[in-house]
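Each of the next two complexes has subunit A plus one other chain: subunit B in the first, subunit C in the second.
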Partner chain A sequence: MKDFINRIGLPRFIIIIFLIFLMALAIYLNIPLSDVITDILVRFGMNAILVLAMVPGIQAGIGMNFNLPLGIICGLIGALISIEFKLSGFTGLFVSILIALPLAAIGGYLYGKMLNSVKGQEMTVGNYVGYSIVSFMCIFWLLAPFKSPELIWAYGGNGLRVTVSLESSTSHVLNNFLAFKIGKVTVPTGLLLFFAIFAFLVWIYSQSNKGLSMIVAGSNAKFALSNGIDVDKQRIKGTVFSTVLAAIGIIVYSQSFGFLQLYNAPLYSAMPAAAAILIGGASLKRATIVHVLIGTILFQSLLVVALPVINVIAEGTMSEVIRVIVSNGIILYALTREGGSAA
Partner chain B sequence: MIVPIIFLIICIAGSFFTGLPFSFLFDEMVIRLARNLILVTSLILPVITGLGLNFAITLGAMAGQIALIIITNYSIGGTTGFFLSILISTPFAILFGYLVGRVLNKAKGKEMITSMVLGFFANGIYQFVFLLLCGTLIPVKNESLLLSNGVGIINTIDLANIKYALDRLIPVTKYPIATLLVSLLVFLFLHFFLKTKLGQDMRAVGHDMEIARVSGINVDKTRIISVIISTVLAAWGQIIFLQNIGTINTYGSHEQVGLFAVASLLVGGATVERASWKEALIGTFLFHLLFVISPLAGQNLLGNAQIGEYFRVFVAYGVIGLSLVLHAWEKNKARTRLREIKE
Partner chain C sequence: MDLLQIKDISKSYEENRVLKNVSLSIKEGEIHGLVGENGAGKSTLMNILFGMPVIHSTGGYEGEMLIDGKPYKPTTPEDAMAAGIGMVHQEFMLIPGFTITENIKLNREKTLPTFLSKIFGNRLEKLDTEAMAKDAREALKKLDMDIDEYVPVAGLPVGHMQFIEIAREIDKSKLRLLILDEPTAVLTESEADKFLEVIKKLSQMGIAILFISHRLDEIKQITDSITVLRDGEVVANVKTDEIDVKEIARLMVGRKVELSKKEDEDRGIKDENILEIKDLRVNMPGEEVKGLSLTVKKGEILGIGGLAGQGKLGIANGIMGLYETSGSIVKDGKELHLNNPREALKSSIAFLSEDRRGVGLLLDDSIEFNIAFSSLEIQDNFLKQVGPLKLIDKKKVREHANRMIEELDIRCTGPKQRARALSGGNQQKVCIARALSLNPDLLLVSEPTRGIDIGAKKLVLDTLVKLNRERGVTVIITSSELGELRQVSDRIAIIYDGKVAGILPPDASDEEFGLLMAGEDLKKVVN
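Moving on, here comes the complex of A and B:
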């Protein structure tokens, strides 16, 4: 038993036990399981690409990319522009992504350059650079020259709305694509397929020569250097991939959520993604697609199951409290473990 | 000294556009200095001990709020209530500080990000205790403190009983003389403390942990004591802050404490490795001057007060981000140079 706990890690063990306990409680309380499973599938698809964005960063050796908000803001800009041009459905979705891609690539490149000059402090620096960018963009959202009535306040007021409804544009296009029902459970096929494509791309890349040199650069910089790998370049590459995935991730997230969230919403967006991949078994030095899958499923299941169960037995805000404790607890655990000197 | 000078220029230019009378600004600044100085000062010791900026002073603020909630529960007010709350908060703060110190010792080299996540994590626990356990497991005598269903503490607690308890202790002028005197005492305490053996040990540990260990200093213990003192000062600082404000936002008052205190200290010209009472004083003054004038300046310059509001948040995050980048950059440069000399 002790061996088993050691292998999967104590926090993961606690989370799994807690999840099983909640599931049992849900069944006992007669909460319809089909709804719960549908929710888990949707929330998995919504969040998985954002969690996936953590992988290239960890592989390239910059640790957890706490500057996810940078990519997210690029994604939001893409989505806003596509709404401004009244695009909807799949056209809207792909145009959003197409606009966001170059922005995220440039942003990621510059940020990667900066990270190379602050080696060893990437996470602390990244976190506050992310916060600065988000708060700077708050001013941008106020002043941005968008005209579409979907985007700006209806009566007076300055700047963009705090939440922009996607009802008339891209809301649920992926969720509804090829969706089917098994019993009462709805499977959001398009959403899951879309994630599968990106997961496959990241996986293929990490198996390729180029991907391997990135992983080597991340795990042992000196060894990589002696093999003629340009470590700084690999780190920039990882940062760019991470930022681009974050941009795509937020577009997918928003179409499923039905709203774009602007202003302070991206501020803490890196925390749940970091928590999810760590719950999946990643460390500050090593992350794979499997960690993304397991982590996102566990973390999102926990949140989805906790909500109705806790609504029955206690206050509604409790599931938010559980989210805060679990996600920050797991990050704390990873930070205080031996090894992984980079911060 | 370049940072405070830039800020001074921004502040002077900004106050020119606000058109506020000098006497109003002066009064406002005296009040703000009095209520924030101790919180900012609480950051100095961990910086000297080499722990960087202790974002976990949030836990100290929580200890202060716990004490205030306890005295409100027993309806003890006035000067007695104030000093009692200081007394009650101290053991909590010592305990929290000890725990924070233990965790930070496990995360050497990444103390800052760890202390920040620790703040978020503790916030989750705090919400859990005050939303769910109060009124159920923890008996609350004063029913006006509880939410309407009898479980959980209300969102805003009125501190009318204790308002200005310290500020008006010496009712000579309209200014909070007693509070300023207490701040002065804390400065003096720090000044003399740093001359003692323990204070010198802290400097040594901050300078180089290895050398300190070789010369017989118990590094881990010294670091823990430094964090404990910081946390206790933060608890007292938060009580002094709240007795001036007059209400507690139960689930929000402590959240921004770390951010604003850290930003204040950095604006004063402190770095991750160097801070003293001078930087605390100059920084608190400049940061809060900016706080007062930026919404009005935004209104008058750009016709939108909200821009000024977002601007000051941006400044808080931006100044932390920038100084972290500069610090890590310089350290990195020094390390590369050292390696070149060795080779």
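Moving on, here comes the complex of A and C:
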């Protein structure tokens, strides 16, 4: 038993126990399990790429990329432009991504350069850069010259809406692609496939010579230097990949959610992603696709199951409170442990 | 009666015995010199004497110490201070932003009662700056220092800082024994002369001085008696008048290892230079190289020795481009690009760092990955082409690692074990395996046996010799342990003050090595 706990790690063990307990409670309370499982699948698919965005950052040695909002904003701009041009369906989705990619690459490059001058404090700095950029973009959203009635306030004037509905453009294109039903459970095939593609890309990169240089630079900078690796360049590379994945991640998230969330919303994206990958067993120095899979499933299941259960037991918005406690608690726990655990 | 008597002090760190039955005694007003190589046990002895916590957290010491015939058992530096022992450390322990007075009186401030202190206790008394300044002035005057006591320490010349440290010690009214650890290492010649005069003056005031230094002429000039430590044992305890510098040098180095090398072995060293270094300058903190020139012959094992801080470690790090370097390095007739590790590695130079765990290994990665990585990164080995990507070929890596594990006899549970879990000697072998995977013709090895137990030391050294003999790899081995250099090298260069002080054959006499290490001019002393 002790071996087992050591192998999967104490936090994962506690969360799995808690999850099983909640599941049992859900069944006892007659909450339909098929709905819960469908929800888990959807939420896993919509969040997984954002969690995946943490991986290149950790591998390159910048730790958790708390500046995920930077990539997210690039993704949002891509999505907004594609709506402005009245694109919908898969065209809309891919054009959004195509526009977002160069923006995220440039943003990530500049941010990576900046991180190279604040080595050792990337996570603190990242947090504050995130805040600044989100605030700066609040001005941009107000002044941006978008004209589409979908985007601007219903009563006209300048500025974008706080939430933009994707109903008429890309809503659920991935979720519905090749979706099928097993009993009452709906499997969002397209969404899962899309994540699988990116997970595979990140994995194959981590097996290539270029990727290994980046991982080594992240895990021991001095060792990397003595092996002729340009550590600063590798860190920039990791930051760019992380930012690009965040941009794609938010586009996928939004099509599933059905809305683009502007203004302050991007601020709240980094914490759950960081928490998820840490739950998965990543440390600040080491992260793999397995960590992403385990972490996202556990973290999202917890939210999905806890929400109806707690709403039945205790009225009100308890579920949101629990979510915040769990995600921040896990981040705190992971930060106090230098080593992390191997999965 | 002697002021301080040390009787049969022994101390081990884990299995490693660093002091064996060390005894010495110091009279009032005596200047006592303590000399020895790095690792001879000087610092440990000082730490015991000064009650440093590191001694007690590692199991204490055996033997006894007496002050004025009374037992003295310090467990904290405060105990030592209460017994009248002061210490000036090698690194300055001064607060830069504070004034000279504040530094001298630190934690022993004079205070005046205030309204608040009457209520809340004497922690809230205010500083009596005038009395403090007066004390500081007096202490400085005893040292013939003409400097204003209200100047901040930051920005003062290092020579002055040294004097302020001493002023702080003599300001302690009960000071009876002052320990000086390499006090002149950072001083210029004229500062050092003045400093030595002050030391004499202090001893006339009745303060006993324990003087640790590598500069043998200084020791000879100033001390009344000398203790020589070697490998944690006292090898000599003599009056200074009865011994000359050459003899001290010989005692200090000693012959530690019986040479087992066959003298008439055909070494196959070619008359061809593999490496020509000219005017090399390396800005490595603490190990600066200052305009060094050296040539290395193809096929030889060149030892680089010298005391810590003289720049011997800077050479290999400079060649590899890990620290800012200038000068010229010619490898096989071709100029090497400086400050570029990749170029150095591509020129068939491999490097085993002195910082094995920090620079030499990926501690949390598998042995096989550690072994293969350099070659993978630099030479594109262990890769397979898949479409546009070159992916790591795990099968090849595994096979290669297994071969290396067998060849170098790395003791592990298998190629997948993490490097962190290995012992020092086996970690070093993993580093060697990594370097070998590059098929280098020049191998730079720094401190290969540091932190490795004695049995494994021999294995590591044997491995290096075997590489040299069987694969024809030229080896430059840098080590603080002269004994091991003499065991394996064909020639030994001794580094002093960032330059080559001299090159000796391994069977040169102990005193020649000792003198070169202490920066003495060999010809001058011998004549």
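As a working rule, the second predicted complex is superposed on the first by the 333 of 343 C-alpha atoms of A that agree within 3 Å, B and C clash if a C-alpha of one lies under 4 Å from a C-alpha of the other, contacts with A are read in each partner's own complex, and residues count from 1 in each chain.
Just so it is clear, contacts are C-beta pairs under 8 Å (C-beta built on N, C-alpha and C of every residue); 3 or more make two chains touch, one makes a residue touch a chain.
Here the structure is a predicted model, which is why all the values come from computation and not from measurement.
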Under the stated touch criterion, which partner chain does A:Ser117 make contact with: subunit B (first), subunit C (second), both, or neither? first
Contacts for A:Asn227 in the overlay, against subunit B (first) and subunit C (second): which applies, first, second, both or neither? second
So, A:Ile331: does it touch subunit B (first), subunit C (second), both, or neither? first
For A:Ser219, using the defined touch cut-off, is the partner it touches subunit B, subunit C, both, or neither? Pick first, second, both or neither. second
More residues of subunit A are touched by which chain, subunit B or subunit C? B
Of the two partner chains, subunit B (first) and subunit C (second), which one does A:Ser132 touch, if any: first, second, both, or neither? first
Mind working out whether A:Gln207 is in touch with subunit B, subunit C, both or neither, as first, second, both or neither? second
Tell me the contact category for A:Arg286 with respect to subunit B and subunit C: first, second, both or neither. second
Where on subunit B does subunit A make contact in their complex? 103, 106-107, 109-110, 112-114, 116-118, 120-121, 123-125, 127-128, 131-132, 151-152, 304, 306-307, 310-311, 313-314, 316-318, 320-322, 324-325, 327-329, 331-333
Help me check something: in the complex, which residues belonging to subunit A touch subunit C? 204-205, 207-210, 212-213, 216, 219-220, 222-223, 225-229, 285-286
Applying the document's contact rule, which stretches of subunit A touch subunit B when the two form their complex? 66, 114, 117-121, 123-125, 127-129, 131-132, 134-136, 138-139, 142-143, 158, 271, 314-315, 317-318, 321-322, 324-325, 328-329, 331-332, 335-336, 341-343
Please name which positions on subunit C make contact with subunit A in the complex. 320, 322, 340-346, 351, 353, 355, 358-365, 373-374, 376-378, 380, 383, 389-392
